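Reading through the C-alpha cells given below for one structure.
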Amino acid sequence: MNALDRDYPNKFIVLVMHRVESLTGKVGLPPGTLVHVGAKDGKSCRIKYMEFSPDYFNEIDGTSIADIPAETREGSVVWINVDGLQDVETIRSIGERFNIHQLLLEDVLNTYHRPKFDEFEDQVFMTLKMIGLSEDASSIVKEHVSIIHGDGWVISFQEMSGDLFEPLRQRLRDNVGIVRTRKAGYYFYRLADLIVDNYYYVTEHLDEQLDELEAEVTSDPDKEARISIQRIKSAVTDFRKSVFPLREAVFQSIRSEHDLMQEIADIYLKDLNDHLTYILETVDSQREQTANILDLYLSGISFKMNQVMQVLTIIATIFIPLTFIAGIYGMNFAYMPELQWKYGYFYVLGGMGLVLIGMIIYFRNKKWL
Amino acid sequence: MNALDRDYPNKFIVLVMHRVESLTGKVGLPPGTLVHVGAKDGKSCRIKYMEFSPDYFNEIDGTSIADIPAETREGSVVWINVDGLQDVETIRSIGERFNIHQLLLEDVLNTYHRPKFDEFEDQVFMTLKMIGLSEDASSIVKEHVSIIHGDGWVISFQEMSGDLFEPLRQRLRDNVGIVRTRKAGYYFYRLADLIVDNYYYVTEHLDEQLDELEAEVTSDPDKEARISIQRIKSAVTDFRKSVFPLREAVFQSIRSEHDLMQEIADIYLKDLNDHLTYILETVDSQREQTANILDLYLSGISFKMNQVMQVLTIIATIFIPLTFIAGIYGMNFAYMPELQWKYGYFYVLGGMGLVLIGMIIYFRNKKWL
Amino acid sequence: MNALDRDYPNKFIVLVMHRVESLTGKVGLPPGTLVHVGAKDGKSCRIKYMEFSPDYFNEIDGTSIADIPAETREGSVVWINVDGLQDVETIRSIGERFNIHQLLLEDVLNTYHRPKFDEFEDQVFMTLKMIGLSEDASSIVKEHVSIIHGDGWVISFQEMSGDLFEPLRQRLRDNVGIVRTRKAGYYFYRLADLIVDNYYYVTEHLDEQLDELEAEVTSDPDKEARISIQRIKSAVTDFRKSVFPLREAVFQSIRSEHDLMQEIADIYLKDLNDHLTYILETVDSQREQTANILDLYLSGISFKMNQVMQVLTIIATIFIPLTFIAGIYGMNFAYMPELQWKYGYFYVLGGMGLVLIGMIIYFRNKKWL
Amino acid sequence: MNALDRDYPNKFIVLVMHRVESLTGKVGLPPGTLVHVGAKDGKSCRIKYMEFSPDYFNEIDGTSIADIPAETREGSVVWINVDGLQDVETIRSIGERFNIHQLLLEDVLNTYHRPKFDEFEDQVFMTLKMIGLSEDASSIVKEHVSIIHGDGWVISFQEMSGDLFEPLRQRLRDNVGIVRTRKAGYYFYRLADLIVDNYYYVTEHLDEQLDELEAEVTSDPDKEARISIQRIKSAVTDFRKSVFPLREAVFQSIRSEHDLMQEIADIYLKDLNDHLTYILETVDSQREQTANILDLYLSGISFKMNQVMQVLTIIATIFIPLTFIAGIYGMNFAYMPELQWKYGYFYVLGGMGLVLIGMIIYFRNKKWL
Amino acid sequence: MNALDRDYPNKFIVLVMHRVESLTGKVGLPPGTLVHVGAKDGKSCRIKYMEFSPDYFNEIDGTSIADIPAETREGSVVWINVDGLQDVETIRSIGERFNIHQLLLEDVLNTYHRPKFDEFEDQVFMTLKMIGLSEDASSIVKEHVSIIHGDGWVISFQEMSGDLFEPLRQRLRDNVGIVRTRKAGYYFYRLADLIVDNYYYVTEHLDEQLDELEAEVTSDPDKEARISIQRIKSAVTDFRKSVFPLREAVFQSIRSEHDLMQEIADIYLKDLNDHLTYILETVDSQREQTANILDLYLSGISFKMNQVMQVLTIIATIFIPLTFIAGIYGMNFAYMPELQWKYGYFYVLGGMGLVLIGMIIYFRNKKWL
C-alpha cells in the first residue's frame, strides 16, 4: 500500500435532515409491512451499480431495478448503493431480486431503527447511523444506513445522497493496489469502517465546542452559556445513542460464525471495534466534561452572586448607620443640646469617621475587603 | 402482504383507570385464592369468542361461560377476549374450562402484577400493560392485560374494554390475506405486538411534552414549570416500570423451548424485542432529558436571582451613599460652615455626580452594567 | 378453596422494638458461641407446640423444652413456634433436641443478621425480617424471624410475640380444607409467605406518606417538610435493606436441590419471588420519588427566595432613589435656588412621579411585575 | 463451649499510624525487592513464637530468627506473630526459614497493599487491614496485617504491636476447651476472624457519629457541620476501601480448592463472609446517610437563608416607603402647603399607618408573616 | 538480589507533549495505512539496539534500520528501543525486518490509541501510556508507548525520548545479578512494569494537590478554587482513562495462553495487575474526593452567602426603622407637638434605644447573633 491508497478527501460531510414523519405512522401495521419512516422530500431513489473483478469493471447509474443487469459475471463482486429510501417500490423490487427478507427490508426503511447486526441463512445485515452536523453546526444529524451482504454482493442503502463512499468508488474505478481483488465481505466491512471513521469529525467538533464553552463559562457564566450547555449535552447524548448499540452490533459480528463473515479478516472487525471503543470512551468523557461545565457554571453563578451580595452588604452596612446618625441631627426638636455646640458638627463627622473605620476593620476580618 | 393489511386506524387509545382497591386487600390469603385486585365499577365481564380457520368463521358475544360453545372444530383456532376482571366467577369458570392453573388466574386478576412471561406444561402465559393517557393527558394510565396460549387457543384478559384489538378482529372477519391461516401462537404474539406498538404513542406524547417544557423552562423558569417537571418525571418513570420487565419477559419468551412457542417464528419475537429496546432507550433518554430540564430550571432560577440581586445592588450602592451625603447637609447644627458657602449646594451636587460616575465605572469593570 | 380459606384478619401488625444491646457485645467470641444480640426485656420464651396430621391435632403452650413431648406420631407434622430470643438456654435445648447446628442457632439469636437461606445435611434454614411500623407510625421497625425445616418438623423463632401466624394456627385447629394434609415443607414456605405478604402494608403506608409529603412540598415547602423528607428516605432505605437480601435468599431456595425443598412446589417459591420483586420495584420507585420530592423542595425554596428577592428589589429600587431626591431638598444650604421657586415642591413631586413610572415600565419589561 | 470461652475483653483497640514514607519509595525496584513501605519509628521486630498440641505448649518471645527453635515437634501447630515490619532482614530470614515466596514477602512489607487472598503450592496467604480510630477518634487508621499458612504453621505479620490476638494466646496458654486440638488452618481463619470482628466497633462508632451529626444538622446547620460531613464521608469511604476487597478475598478463599484450605470448615469461612457482607451493607447505608445529611445541610442552609431574606424584605418593604414619606415632608421648600395644615402631621402619621396595615395584609397573603 | 538491584533513580520524569495533529488526519484511510498521528517536531527516530546473553553484550545507537545488525547470536536476547514515531519509513522497515503485522504498526503510530494487549501467531503486543506532568505541573501528559515481543526479541516504541528505561539498560550493561539470564518475555513484562511503577508519582502528586485544595476550600472557598477543582477533576479523569483499559489489557495478558506469554511467570503479571488495581482504586477515591471538594466548595459558598445576608439583614433591620423615626421628626410640619416638648429629643432617643434592644433580643432568639 502506498500514499495513493487514500480513499477520499478529508472534507467534512454535512448532512441535513428534516423530521417530517414520526414513527407512529407505522404503529399497528402487521410485521413485515414496508413503509418508509422518516424524512420525505419527494425525491426518487438513485441507484449506483458497480460490478468488478481484478480485470473487469462496470459502473451503472440508475433509478430503478430495470437499470441493473439481471446477470453478473462469475467471480466478480457487485456493489449496489441506493440513495434515498422514499421509493418503497424500487426497494421492494431490489429486495425481491436479491431475495432479501421482508423484515430486514422493514429495518432498512425504518430510519428510526437502532444500529444492529443480524444474520440470515444467506445474508448478513448491519444497520448504522452516518452522523454529521446540521448546517449551522449547532446539532447532530443522523442518516440511517443499512448494509446487506450476500454471496458475491453488497448492497448499501442510504437515507440521503452523500459522497462518503465516493473515494472508495474512485479507487475501484482507478483499480488502485489490490482494491479490486477482495471478496464481497471486505466491502461490507469497508463501508461500515468509512462511516465509523467519519465519527472522529463529530467527536472533534464536540471537543472544540466543549473547550470553547468551558473557557467561556470559566470567565463569564452568562445566560447563553446555560442554554449552550443543555444543547451540547443533548448532542453528546444523541451521538452516544448511535455509537453504543453499534459497538454491540460489531461485537456480534465478531462473534458471528456465519460463512459470509469468514470473508472478513477478524483483525479488521477488531480494529473497527477498537475505533468504536475509543469513540465511546471519548463520548463518555465528553458527557462527564459537560457535567463538569454545568457544575462550573452553577458554582460560577453562586460565586458571582456571593460577590454581588458582598458589595451590597458592605455599602449598606457602612452607610445605613451613618445615614441614621445624620437623620438624628436632622430632627427638628426645639431642644437638642448638641446642635448648639460649637464643634457639634465636627464631633459628629468624627464619630461617623470612627464608625467607618470600625466597619472597615470588621470587613477586613471577615475577608470581605 | 399489501396496503390493505393494516390492522387498525391510527387513533390513540385513551384509557381511564380509577384506583379503588389496593393490593393489601389480598394480603394473607393462601396462594391461589382468586380475588380481583384493582378498579371496581360494578360491571360484569364481556366475552368475545372467535373461532376461525381459513374457511370457517364464528363470532359470539357473551357475558358468561355458558355463551361459549363447549366443542371446537378440528384445526380451527379459538380466540377468546375477556373485557373486565371483576366477575371472578366467570373467570374461574373459563379457567376450569381451559384447565388454567389457579396461580396463573391469580396473576390475571392481580392488576398490580408486573409484566412477566411464564410457561406451564401445556400453556404459555404473558402479562403486560396496555398504556395510555388519562383523559386530560396529564398522566399515564395502565391497563393490566394477560394473554394465555394453549393448544389451538388464545385467551386475552383485559382490565377494561378497549378497541385496541378490534382491527385484528375486523381483519379476521374480512379474511384479509393469510390472516386466518396462522397457528394460535401467531395471535399470542400479535396481541402482545399490538399493545407494544401502542407504546410509540406514549413515547411521542412524552417527547412533545418534554420539548414544550424545555422551551418554556429555557425562556421563563416559572413556578408551574417546577411542578410540570415533577409530573412528567413521574410519568416517564412509571412508563419505564412497565416496559423494562416486559422486555425481560420477551427475552424469556425468545429463549423458551416450549412447544407452543415454536409456533411463533423467532424473527417476530426478536422484532418485538427490538421495538421494546428502542422504546426503552427512548424512555431512558427522556429520563435524562427530564433531569436536564430540571438542571436548566434550577440554573435559570439561579441566573434570574443573580440578575435581580445585581439590579438591587446597583441601585442601593449608588443611592445609599448619595442619600447619606444629603443627610449630612440636612443636619440642623448651628455651626456648619459649608451651609453658608454661596456655592455649597452646587459643590455637593457636583460631588454627588462624581460619586455616581465612580460607581458606574466600578460596575462597568465588574461587568454588572 | 372458598371464602373461609382466609388465614387472618387484615389488621396491621404493629411491632415495637427497643435497641438495648448492640452487635459489638458479640465481638471476639469464638464462632458458635450462643449469645442473644438485641432487645432485652427480661421475658422468658413462649413456646407454641403443634402436632397434626389430617386426623390428629395436638396443641401445647409452654415455656421450656420440658413442655414438649419427647416423641412424635409417625406421619404427623410438628410446628414449634418460639416467641422471644432472650432465654438462650431454652433455645439451646431446642437446638439439641432437633439437632440444629450451633452456627445456625447463633444466626437465630443474632437479631442483626441479614436475611439469608442456608441448607444443611438434614435441615434448611431461612432468616428474614417481620416489618411493621413503630407505634407513632413514624419509622419502620424490624423483628428478626428464623424458620428451620427438618424432616417432618418446622420451627419458627420470633424476636417478639406477635399474632401474625395466629390465623394459620386457627385454620389448623379448625382443620379448614386441605390445610392439615400438607408436608412440613409447605409450612416452611407458608410462614415466609405470611411475613412477606405483610410487607404490602409497609409499602402502602410509605406510598401514602410520600403522596402526602409531595402535596405538602408542592404547595408550601416549609421547614418540617425538609425533615420529613429525610425521615421517609431513611425508612425507605431501611426497608429495602431487609427486602433485597431476602429476595436473594428466596432465589437460592428456588435453586436449592435439597431434598427438603422438594416438598415445596416450585410455583409457590416463584410466587414468593414475584411478590418480593414487586415490592422491591415499588421500594425503588419510592426511593426515586423521595429524591424527586427533595428536588421539588429545593426548587421550591429557590423559587420562593427568588420571589422574596423580587419584592425587596422592586420596593428598594423604587423608593431608594426617591428618598434620595427628598434628601437633596432636605439639605439646609443657605442658597438652594429650587427651594424658593413657587412650584418647586410640585415640580419635585412630579419628577418623582416620572421616576416611579419609569421604574414600573422597567420592571414590566423584566417581567417582575 | 461455656462462658469462659471468650477470647478477649471488649475494649476498643486504638491504633495510631504516622505516614512517614510514601509508596513511591518503591517505584522502579525490580519485582521481589524487599523494602518496607510505611511508617518508620526505628523499632525492631518483636517475635512471638508459640508451638502447641493438646498436650504440649511452648511460648517464646524474641526479636530475631535466632530465637526461634529450628525444629518443631511432630503433630504440633506453630504460630509465629511478628510485630513491626521495619526490620527487613529479620522478615527476610523468617521468609527463608519457612520457604516463603519473595513476592509474597514484598506484599507483607508493603503496608499500602490492598486486602487479598493468594495461594501458592504449599502456602496460602491473606493480607487485610486491622482498623481502628486515631487517638482523638476523628479519623480511621489502618494497620497492615498479613497471615501466611503453611503445613502445620501460621505466621502473622502486624505493622504495629497490638493486643488484638492476646486473648487467643491466653486461651492457648490456659488450654481452654478444644482450642489446642485444631489444625493450623483453624488459626489462619481465627486471626482473620478476630480482625473482622473488630470492624463492628468501627461501624458502631461511625453510626454514633452520623446520628449525632444528623441531629446537629437538623437543628442548626452551622459551619462546623459542613466540615464534619466531609470528614466523616472520608472516613466511611476509607473504611469501605478496606472492607470491599477483603470480602472479595474471602470469597476466593471459599472457592479455593487448595489442600491447606480444606483444614478450615467451609461454614467458618461462610460465616466470615456473612460478617463482611453485613459490614459492607452497613457501610453502604452509612454512605447514603452521609449523602442525606449533606442534602439536609444544604436544604437547611437554603431554608435559613430564605428566612433571613424574608425578615430583611419585610422590614425593608415596610420602612423604606414610610421613610420616603417622612423624607418628603422633611424637604425645605418655601411653599409646601401641607406643612401649614393644622393636622398635616397627624394626617401623614395616619397615612403611614394605612401603608403599614396594607403591607401587613400583603405579607399575610404571601404567608411571610 | 541486593541493594544494587535498583533500576533507576527516583527522579520524576517530566513529559511535555504538544498536540499538533489530530486523529482526523487518519480518517478514511484504508486499514493498515501507516500514518503518524500525534505530536510532530521534525525529529527523526533514535534507535537503541541491545543484544545480550549472560556472557555477551552488544549495544548500538543508531537512527535507521541500517544501523542494526542483520543477524543475532543464537540464545541471546535483543531489545530495540525506538524513540520518536515521526519517521514512518524507519518504523515500517523495522516492522518488515521483524515481520510485524501492518495493523499492529498502525497502532504503534496512532498515539491516540487506547491501551490494549493483543496476540498474533508469533508476537504479543501491548500498548500503554507513559504518564507524567506538564512542565508547570498543572496537567497530566501522556506518551504513547508500544511494546512488541517476538521469539528472542522485544521492541519498544516511545513517542518521545525519555530516560525511564535507562536504569534497566545500565543494569544490563553492568550485568547486575541475574538480569541478563532472563528470557525475552521477562523484558516485555519489565518495561510495562517500569511504566506502571511511574504511575505512583502521578497518584501521589494528585493526592497532594487534592489535600492542598481541600484545605484551601475548607478555609476559604474563593474563585480560584472553583477553577482548580475543575482542572484537577479533568486530570483525574484523564489519568483514569489510561489506567482502566490498561488493567483490562493486563487481565487479557494473564489469561493469554500464547507460547510467548509462558516465558513470563504468572506471578509477575498478577503483581502488575495488583499495582494497577491499587492505582485504579486510588484514582477512584480521588474522583470521589474531587466530588467531595466540590460539595465542600458549594456548601462553603452557600454558608458564606448566608453569613453575608445575616450581617446585611441585622444592620438593615436595626437601622432602617430607627432612621424612619428620625425621619419623622425631621419633617417640617408647622404643628408637631412632640418637637416642642422639653425632653422630646431624649424621649425619642430612649424609644430608639428600646427598639434597638428589642431587635437584639429578636436576633438572639433567631441565633443570628
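Think of it as A, B, C, D and E in the order they're written, each chain with its own count starting at 1.
Keep in mind that, in the parts below, contacts are C-beta pairs under 8 Å (C-beta built on N, C-alpha and C of every residue); 3 or more make two chains touch, one makes a residue touch a chain.
Being a predicted model, the structure only gives us computed values, none of them experimental.
Q: Between chain D and chain C, is it the same set of residue numbers doing the touching on each side, over half shared, or a different set?
A: Mostly different residues form this interface, as fewer than half of the numbers used are common to both chains.
Q: Taking the mean of the C-alpha atoms as each chain's centre, how many Å separate chain A from chain C?
A: 44
Q: Could you work out how far the Cα centre of chain A sits from that of chain B, in whole Å?
A: Each chain's C-alpha centroid was found; their separation is 27 Å.
Q: Would you give the residues of chain D that are in contact with at least 2 other chains, written as numbers and ranges?
A: 298, 302, 305, 309, 312, 316, 320, 323, 327, 330-332, 336
Q: In graph terms, nodes being chains and edges touches, is this line, ring, star, complete or other?
A: It is a ring, because the chains touch in a row that closes back on itself.
Q: Which residues of chain B touch chain A in their complex?
A: 1, 5-8, 10, 167, 190, 193-194, 197-198, 200-201, 204, 214, 218, 267-268, 271, 274, 277-278, 281, 285, 288-289, 292, 295-296, 298-300, 302-303, 305-306, 309-310, 312-313, 316-317, 320-321, 323-324, 327-328, 330-336, 366-368
Q: Name, in rising order, each residue of chain D that touches chain E in their complex.
A: That would be residues 22-33, 101, 103, 107, 112-114, 116, 220, 223, 226-227, 229-230, 233-234, 237-238, 241, 245, 294, 297-298, 301-302, 304-305, 308-309, 311-312, 315-316, 319-320, 322-323, 326-327, 329-332, 336, 338-345, 348-349 of chain D.
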